[in-house]
Each structure stands twice: as C-alpha cells, then as structure tokens.
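Labels run A, B, C and D following the written order; every chain starts at residue 1.
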C-alpha cells in the first residue's frame, strides 16, 4: 500500500469526428481522503478527462492506475472502485430510483430476485441524503436536482466499503437547491474523510475554494496549474482565462433586430391554477410580470416552479384562469394569434435541443422562417446566423458539429444563444447559468438584463437563489403553488429567501 | 434436366407458373415432359419456375420466347392462355402446349383441358356417399366441406358448383360449407378453419389448398373425420383420414402431347377437353388404403357412378 | 371454439413474449417470422429422427437460438441496421430451409413427420390445455423476470438508456444478445408447436405470425400480461372470422381481413382509454 | 459510398454460395452478375423495377425521416394500384394525359389516405403508427384480393386480374422490348426533388427536426399534426403512386397479389440508403440488380428461387453493417 492512490499519467484524447484535442498529456496524482477539484472554462476538457478515468471513453495514450494497478475500461474501473456521477445523469427513466441506484450491483434474494428491502436498507444507512419516499418513484418524474442527487447516490453506493476508492463528481451541484447543495457538500466531505478520493468538477468556484484540498486548473485540454488549499476564486479565474477571451468574442448578439413587441409590455396571470391529478401545482396565482425588468422566481421545483415554467412558456395551458400579454395575446409555442416567448427549458437535451442535429440546425430552429425565402432556407443567412450566435456566447464549436460533440456548458450556450437571438418580447429562462463557467455566466446575465432594458419581459426560474439575486430586479418566492414573497432585490437577505423557499413562514 | 439446349435436338422449355416443389400437378407436368424427352431421345428440356407473382409470368415467358431457343414451350395452368396470347403478340412464331387450360383456334397453341366439373362432381358424389354410409354417425342434414386456398374463377365457377351437384346427386338437400384460407401455406390456420367445418356438420372435407391441406388433415385426425384429396392420389398422406382421391392424368397428357410435338404430329390450333370417359379424369380406386378404409357399399356405389361416366350415359359439359 | 382460440393463441403468444424481451432491451425484432419458420422445420427434423415431441420442441428452440445468434451478430457485432437485418433473417430462413430440406428429406416442399402424428401431438384437448397454460405461465415468468429481477432491470435499462448501463460497467449489448437469443428460442418453440401439432412442415408455415407477434407486443403495451390479452384478442377474432365463413354469406376472402381490422380497432380504443403514458424505448427509426 | 466494403464482403459470401449451390458455378455466376446487363430486355426490366422500388423507398424515407414508421407500404401500394386501375377503367374516355394523371392521382390519394389514418390515430390518441399502419394494410389487402377476384375481374381473361386500362393511359416505353418506361424518369426526378426538399426547404427542415426529436420540434413551434399526419400522408401517397406507376407503366391491369413484398423491400432500400433520397437511387438499383440477377440466373442456369433469397439475405446482413466501415468511438 505504498503506491499513491489514483495516478493519471500523460492522458491524451483527440476526438476523431471533429479533431478536437480535448485532453492533452494530463498527469495528476490524487491521494486517499483528498478532495481534488478540476476547474476550467466550458469545453476545457474536464468531462472528457473524467471519462478517461472512469473508462467510458478510451484514451489515445497515457495510463490510469489505482494503488499501482493499471485500470482499463468501465467494467475494470468499476471493479477497482472508481465510480462516477456524470454531468448529464445516466439514469433509466422507466426504472424506479431504487432500481437505478443499484443497477449493475443488485442485491439478490434467493439468487434471482432483486431484493428491494435490502436495497432500501442500504440506502437508508449509506446515503440518507435521498428521502425514502423518493425511492419507488420512476426517474421520469424527478426534477433535475433530484436526478443529480440520485446519480450521486448511485455512485456513492458503488464505492467499495472495505478499501479506499475514487468518486468522480462532474458538476454535482448544478440545478440543485440550497438545501440540496449543502447536503451534497456534506456528503463530499464525509466521503473524503472515509478515505476515498473525491475528484470534483465544478464551475462554482466559491464552493470549490471552500471544500477542495487541491485545485487543478484546466485550459484547452491542458493542466495549467495545481494549487493546494487555500485557493482564492480570483486565482482560479485568472488561470482559467484564455488570453483572448474577454475582448475577441463580441459581447452581444450583433444581428439582433428590435424587440418584436415594443408595445406589448408585460405578461398578466389571472387566477391561474394547474393541477396534476389530485396534486395542486399552482393555486389561483394572480401576478403581473412587468416589461423592462427581470423577474426571478425561486422555489423548489415541485413547489410550483416547474408548473410555472410550463405555463409561462405556453407549453401547458392553465386549468383555470388565463395568461395574456399586455396587448391581449395568449402565449404558445405555435399558432397564428399567439406569441412564442423566448424559452430556455429546464431539460436541455429532451426539449431544448435536437441532439442528433448539427449546431446550426439547433441555432436556426426558432428563426427558421426569417432565415428562409419563399419556403427555401437561405443557407448563407442561416450560416451567418449560426456564426453570430456562436460568437455571441463564445460557443466552443463549429456550426456543422453534431450537438453530441459539445461539452455540457456549450449545449446550454447554444440554447441561450438561440433564444436570445430571436429578440423575444417575452423571455422565460430556467436555470440560466446551468453548467456555465463563471465568465460566461456573467455574460449571460448581462444579456438577460439587456433584453429587459430594451423593453422585454424576462422571467428567470431558478433553484439557485444566488443567481436569481444576481440577475433579477424582483424576486418571487413560491411555496406549495402559492406566492409566499414578492420582493425588490436588495430588500431581502439571501438566507431569508432560502427559508421562504423551504416553506418557513417565519422568514 | 438443366442442360443448355443443343441446337440439333428438339428443344423444349417448360414454364412452371409457380414452383414445382409442393405442387403435384406441376410435378406431373415436369415428369410427363421429361419422360417424353427421355423416351424419344430426340429432344432436350429445360424447366423454368415462374414464382408466385402472376404479374411476372408474362415477363418470364417473353424472356423464354425472346431467346428463340425453344421449339416448344410447355406450360400448365388455366390462367396461362392470357399470358401466352400476350407473348404471341411479340413473338408470333413461338409454339406452345398448354395443359389444364383452354385456348381454341390459335394456330400456334395446343391446349388440353381436363373436365374439372366431372372431377369435382365425383368428389362431391363420393363425399355424400361417405356421409350417408355407416362410416359416420348419421346426421339429420347432409353437409360437406370444400376448402380452398384462395378464391379464383375455376374454384368459384366450376369446382364449387360441381361439388355441390355431386353432393345433391345423392341427397338433394345437401349443402356445401365453402371456406377460404387466403393463401396456400398457412396450415395452422387451415386446421382452425377445418376444425370449425367439422364442428358445424361436415364429415368430409375436400381440400384444395396446397400446403394448407396438411392443416385439414390434422383437424380431421383430431376430430376423427375424413378428407378428400384432389388431382393426385393422397391416401398415403394420412391413411384412414384421406379416404378418397380424384385424379387428373396430367402426366400422361403431357407425355403424349409432348411426344406428338417431337414427332411433329401435334395439331396446333386444337383445344381438347378430356374427362372421365376419356380416362384422363377419375377416382383413384386401386389404392389398397382406399379399399381398406372405405366401406364396400360406398365403393360399389362410386363404381356405379363411374361406370355411368365411362359408358357415356352421364357426362358434364365444360362451359367456356 | 375455446380450444381453437387457445391453440391459435399459443404460437403468437410465445413469439410475442420473446419479442417483448428484445423490445424491452431496445431491439425491435423484425426477424421473428424467420425464427418461427426455422423452429418449425427443425422440430420436424428432430421428431422424424427421434419420434419425440419434446425433442421437437427442443430442436425448434435450438434452431431459433442458432438463427437469432446470426441475427444478433449482424445487429450487435456488425452493427447492421436492426430492421434490415431482421428482414434478412426472414429471407435467409425462407431461402435456406429448402436446401436443408432437400438434404434431409429429399424434398423442398411439405415434410410430414414419419411417425404416427396423433401419437406425437397427443390428445388435442390435453395438448391445447398444456400449451395454453404453459405459455401463460411463461408470460407470468417473463413478467417476473422483467419487473422483479436484476436481469430484468438490466434488460429494461438496455432499452431505456443503454448508456446508464454501460457506465456501470455492464454491457448493454450483452443483454440485447441474451434477449435476442431468448426470443429465438421462444419463436423457435412457437414454430415447433405449430409443426408438431400438425405433424408436418409446410414451406412458409409461419404465415405472418411473426408480424402478428409484433402487433401483440405493442397492443399489450410491452407488458407480458398485456401481451397475453392481445394474443387472445387476435386469436379470438381469427377463429371467429373463420367460423363466420361457415354461417354468413359474406365472401370468405373479405372475412380474412377482419381479425386485422378488429385488432386495429382494439389498438385505437386502447390508445384512447387505456394508456396514460406513451410507449417508451422505441428508438426513432432514423437513429 | 461508405458501404462499398460491406457490399463487397456480402458479394463475396454470395459468390461462395453460388459456387457451392450450383452444378455449373461459372454459368450461374455469369447469369447472375453479368446477364442483367447483357441485353436491352433484361437491362430495361431491371431499371424499370428499380424505378418502382425507388418511388416506394422515398416514401419510406419521408416517414422515417419524420421519426415515423410506416409498415403499411405493401397494402398502400397494392390498394392504391387497385383504386387507380378502377378509376382508369371507370373513365376510359379521358384525354390520354388526363387519364394517366387521374389513375396516378387516385392511386396516390388512396395510399395517402391509408397512411394518414395511422397518422391521425397517432396524433390524436398516440396509437403507435408502427402497428396501425401494418394492421390497416393487412386488413385491406384481402379486400383488394376480393375485388380483383370478384367485382373487378375481367371475365374474358383467364388471369386473376382486372380488365386492362385503356392503352392511351399507359406510359410510353423507353427501351422496347423491355418494360422500361417513363416512370423510371419520374422516380429519379422525385428522388432528387425530395432530396432538395428535405435538405433545402423550411418544411424539409421542420420534418428533419421532428424526426430527430419530436418534443424539441414542438417546443420551437413546429406543427405536430402537420409532420405526423402530413408526413405519413406523403409517405402513403408515394407508395400509392408507386403502385399506380406499376399499373400505368408495366402491368396495365391490377393482377392478384402483383405487388406484394415490394413494400418491405422499399424499407430495406431506404435503410440501406441511410434514409437519403439520392443514395436511395443507388440502393434501389442494387436491389433491382439483385433481383434481375436472380431472375436471369433462373432462366439461364440451375439457379433457384431460394438461392436468390439467400444471396439477397447475405448481402442485406452486410450492407448496413457500420462496424466494417469505421470503428465507432466512445
């Protein structure tokens, strides 16, 4: 046991489909009990590196060794005790949470049957972070944050109990609530103190600074520095920045036309209710979203945020009441007399993008008519449009790449860029900063504020109270389908809002 | 049987509208022609299968005629005259012998038609004889089954009415239970249908359904009923279950007419109709299984009917 | 009538249960038709050689497994398009059997089992009961496997999100292969059941049952118990429409379409009233 | 053409089979591979049947590209052809081009209606089109059989077929004595047009997006109904048209069962072409060639029907296998 714990040596990976050198001779050692953070801009190669360690992507060169034993491939790495929670949770929608947690390592009864009781007990003792009532729900019905926790727990349960293992967490705290985030941080600390190595990929630099023992900064596939705690956010940001980033990419979408609805200010909700079976999702909500400002909605997704997202974007119709723009139009994804609001949905790959399409296919989707002449797509205009979106948010991809070749953050950027470029009078954004590096996140926030400044109505729905506070003029907190607070930003503290969201009426 | 035709021999192409395997009549056709070729030793033969898509037969026969290799094309099927007429429009010098079909007054074509009215009548007559004999429990009302692979003109217009006529020659109130399989191979479904026929009063079923016949046999075996075979002796298919069988001597006709063609004595332009009295259609009585499983009273009654045909006292016209 | 319905149900149900397994594992089994045909032929080979129906069923299963092994190699190892490979499987079976038949029996056509077929098939009522109950029991077992065992979880994961399985170090291909082989066995037994019941192999004896099995899978909402119901519905209307030929004056040929029409109606009624969630896991045809 | 290696392997296996399965391998091979090109008759017939197949195959392309299965092609072709024939026979006095157009329109409309019903059931009730399209087609094929054997049959013909359509309505032959006729040109034009439509037009784009991700398409405001019912209707129309062209171009009458099987082959053609209408031209020719090869080989050697099926199966096993072309990463 003299060997160092996890050793990566000269790992390389070039994706042959687009020639991207995603990981370039990276070497690293992670000790037992260490929390090691990897930070870097979107597309820096963090996820790819982690995939090389967990074996789902085969390296072009280099080795991964655990306690001196070389590890090859997924099955091997699982057997050695290297487990991973992925940036996009790899869960099976039609299986229950419990089944997902144990998939591949199922406890058995009479050698044949899946032993639910033993499985449930194991979750209760090893990972109490996951509530028991959630275990028998199908993953299909989970929110993004819940999926993230399920994915994390699935990895935790796979860690060896008799010897130290490695757990890799790729952005574990994206789209999780304050409570969930705190729980996850606890779990990370607890796991590390149990002797396991934790490799953490995150854009939350503050969080990284507070929990990581060491931080490695990645830029364009290479390691630029590894620093021991204490590490400052500013240091990380400085090292991550590529020289050309802030200026060379134009900060705004340059082919924006004037907002489509200069006179159609605001969005009115009158007595809006929505139910799912017996469950009341929204309860007689009356509310006006004013144009010219960003309204941030905070709350646990089940508390009505998710329902509100569907209603504000026109994806679902209220069971009772109605939603109209100031000039009386209703909202819907399509239809003659309706308005399609700009909309960044909470599910990036199922609704937000066509993963088998190209980047350009995805970027022109909303404005396909404007980019066509007499029913024929104007290829030059379409390409220009795609390029300008790519430049505007610094998407790290070519227009003709398949969406599958994009890093997680860049998928989010594509969706944002598309919706922003359509100059929407009304813009509904769920989790705007999801998976974005901090520089891009600020740029996106600036864009959202700019849309408002130009007379647009912007609704931001977020589980991240900090982000909501940063981008909004007004904050609305929902609990159990009702408004529990409606505040101007600056009049309430972060912790008060957090308590409101959690349903604490004394806040 | 597959050598390319050398030019000095009388060259014969046999076009099979379907596939030989599994079709007793096409097997007879090929056997008859091959025997003629073997016995005369002055001819060659090549057999070409046309497959089940009727619409492609014409193209294949055109291809055969287009080679100019064949002194005679032999084929067999009531549906072929139409195809042959179309081919003759492009290749007017090609000669044809078509069995089991009727095309009169075409100077390039000789046809031989078998009297299927008589054949189906015999089957019906025999079915009624069996049903009224001690071989089965007597029923109030005589009913017999006719099971067809598909509905087609000869089936609907000739076989079905003649079978009924045969039944009624024994019992004027008898009825036919006619059912269709929809194809020529689904033996499983054929068993279900036959089961239903036996369950609703038929003791004997005449089956003309290719591979589907096997399902009828299975159903008869399960229910201890009887099956009649068509065109070829079928007793050995299921001894004691297949108890009657009509025949057509297609092989003999094919042999004789092919020999005539090789000798140059075949009369083109002629269309023969051959029936029971000519000896080309009849009932297979000389099989030991027939004698073993059919009561002598039934056999005698059948013999009397056949004698009336053979003597010319009774016959059925084929209408065109 | 009930006996007829049950005996018409058995092969459809067996084939559909195998197809349900592959469908759950993410493989739309277009090759069932060819697998049934192969099972039927080899069961006749085995019964002719041994005189035992059980041997026939085993041989049918084995032959189905062998052909589906070829099919799964094409799909999984060579990554051929599942649909095209399935059509190829059907063609291959229909084209290959005549050669084998010529070798074993000297004919490319109908092959009757040489032994006394009523002894092989047994008493029809008992036989039908045994097979019907047996296949329904198998349906229950398949349901138990799918929904109660780790094996079933992995199968459903292989169809629902193969990546989720792969990252856990479990190969989704392995479970696709397992289900394809199982489907081969089930379809092979289905074919063997038909052939041993009738005591004969007839070219093309599968006669579209593979396609009906696919229908039953979806009509049964990919759930083994639903598949039982769907198979009963189809078999029932097939038998009824056959019986109707005997007592109506509607031309028989027209009645042949009735089972399909009724099943179509059932499918639509079920879609309207019976289903809350969509069929999942069916990959889009252009992926 | 990336799949050339795979085809080559398939052909090699097929050649092996021919050599083993034939008593005169040289003659069989020549007949199979060379004869389709050896004279105008065989060559024209090969092109002609490829053309019909191509029209149906691009019908499959439309459906599959929209993410929809159309398994009812066989019935749409057959019933479409029958209705087209009926219209032509019912209106024998129209001016020639109008008559042909009426026939083709009726055929296409019939196919479109059949498929659109599945589309509507999918859109309204989420009934799986993969099943409803097959069932509707399976239910209507016996009806068409009945019509051809009964009410529509021409009693003066011995064939199980309708009367022949007026000769003025027939498409003109391009390479007599073969069957090749103008429909082959129509097929190629349609394939090219479909390619341009899918790749260049807004609606083509909307169709592609629907096929890639239906939820995404709805989210960006693409009509669900249009690209469910509409796409299936177009798919069915092309199948029906294929049937109509066969009547107007080659058969001139509805013959019992004449087109059955083409619907399934069309699916294979489309998938081998990876759902690209231009590649479908090549893959339809490949299929036409394999079939013509089998037919000429049957005429000229001891080649059998069944051997043709096995050869085709072997080539199909290999032709779409991507692992032979490039190894997949990740």
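Heads up, the rule we're going with is that contacts are C-beta pairs under 8 Å (C-beta built on N, C-alpha and C of every residue); 3 or more make two chains touch, one makes a residue touch a chain.
All values reported here derive from a predicted model rather than from experimental measurement.
K.L.:
Could you find the chain whose CA centre sits the greatest distance from that of chain C?
P.N.:
A
K.L.:
Ranking chain pairs by contacts, what comes out on top?
P.N.:
C-D
K.L.:
Report the inter-centroid distance (CA atoms only) between chain A and chain B in whole Å.
P.N.:
The mean C-alpha positions of chain A and chain B differ by 75 Å.
K.L.:
On a C-alpha centroid basis, what's the spacing between chain A and chain D, in Å?
P.N.:
Between these chains, centre-to-centre, one finds 46 Å.
K.L.:
Between chain C and chain D, what is the gap in Å from one C-alpha centre to the other?
P.N.:
Taking the average C-alpha coordinate of chain C and of chain D, the gap between them is 27 Å.
K.L.:
So which bits of chain A are touching at least two other chains?
P.N.:
In chain A, residues 56, 356 touch at least two other chains, as defined above.
K.L.:
Could you list which residues of chain D touch at least two other chains?
P.N.:
142, 145-146, 149-150, 212, 304
K.L.:
Mark out which residues of chain C touch at least two other chains, giving numbers and ranges.
P.N.:
98, 108, 208, 251, 253, 256
K.L.:
Go through the chains and record each pair that touches.
P.N.:
All touching pairs, sorted by chain label, are A-C, A-D, B-C, B-D, C-D.
K.L.:
Sort out for me which residues of chain A touch chain C in the complex.
P.N.:
Result: residues 54-56, 73-79, 84, 86, 90-95, 99-100, 102-106, 108, 112-114, 158, 356 of chain A touch chain C.
K.L.:
Inside the complex, what are the residues of chain B that reach chain D?
P.N.:
So the residues of chain B in touch with chain D come to 2, 4, 19, 48-49, 51-55, 59-60, 62-64, 66, 78-83, 90, 101, 150-153, 156, 182.
K.L.:
State the interface residues of chain D toward chain B in the complex, per the touch definition above.
P.N.:
Those in contact with chain B are residues 23, 27, 41-42, 45, 142, 145-146, 149-150, 153, 155, 157-161, 177, 179, 250-251, 255-261, 295-296, 298-299, 301-302, 304-305.
K.L.:
Per the contact definition, I'd like the list of chain B residues that touch chain C in the complex.
P.N.:
Listed in rising order, the residues are 21-23, 150-151, 177-180, 182-183, 185-189, 191-193, 195-197, 199-200, 211-212, 214-215, 217-218, 221-222, 237-238.
K.L.:
So in the complex, which bits of chain A are touching chain D?
P.N.:
Residue positions touching the partner: 15-17, 56-58, 315, 333-334, 340, 343, 345, 350-357, 361, 364-366, 368-369, 372, 375-377, 379.
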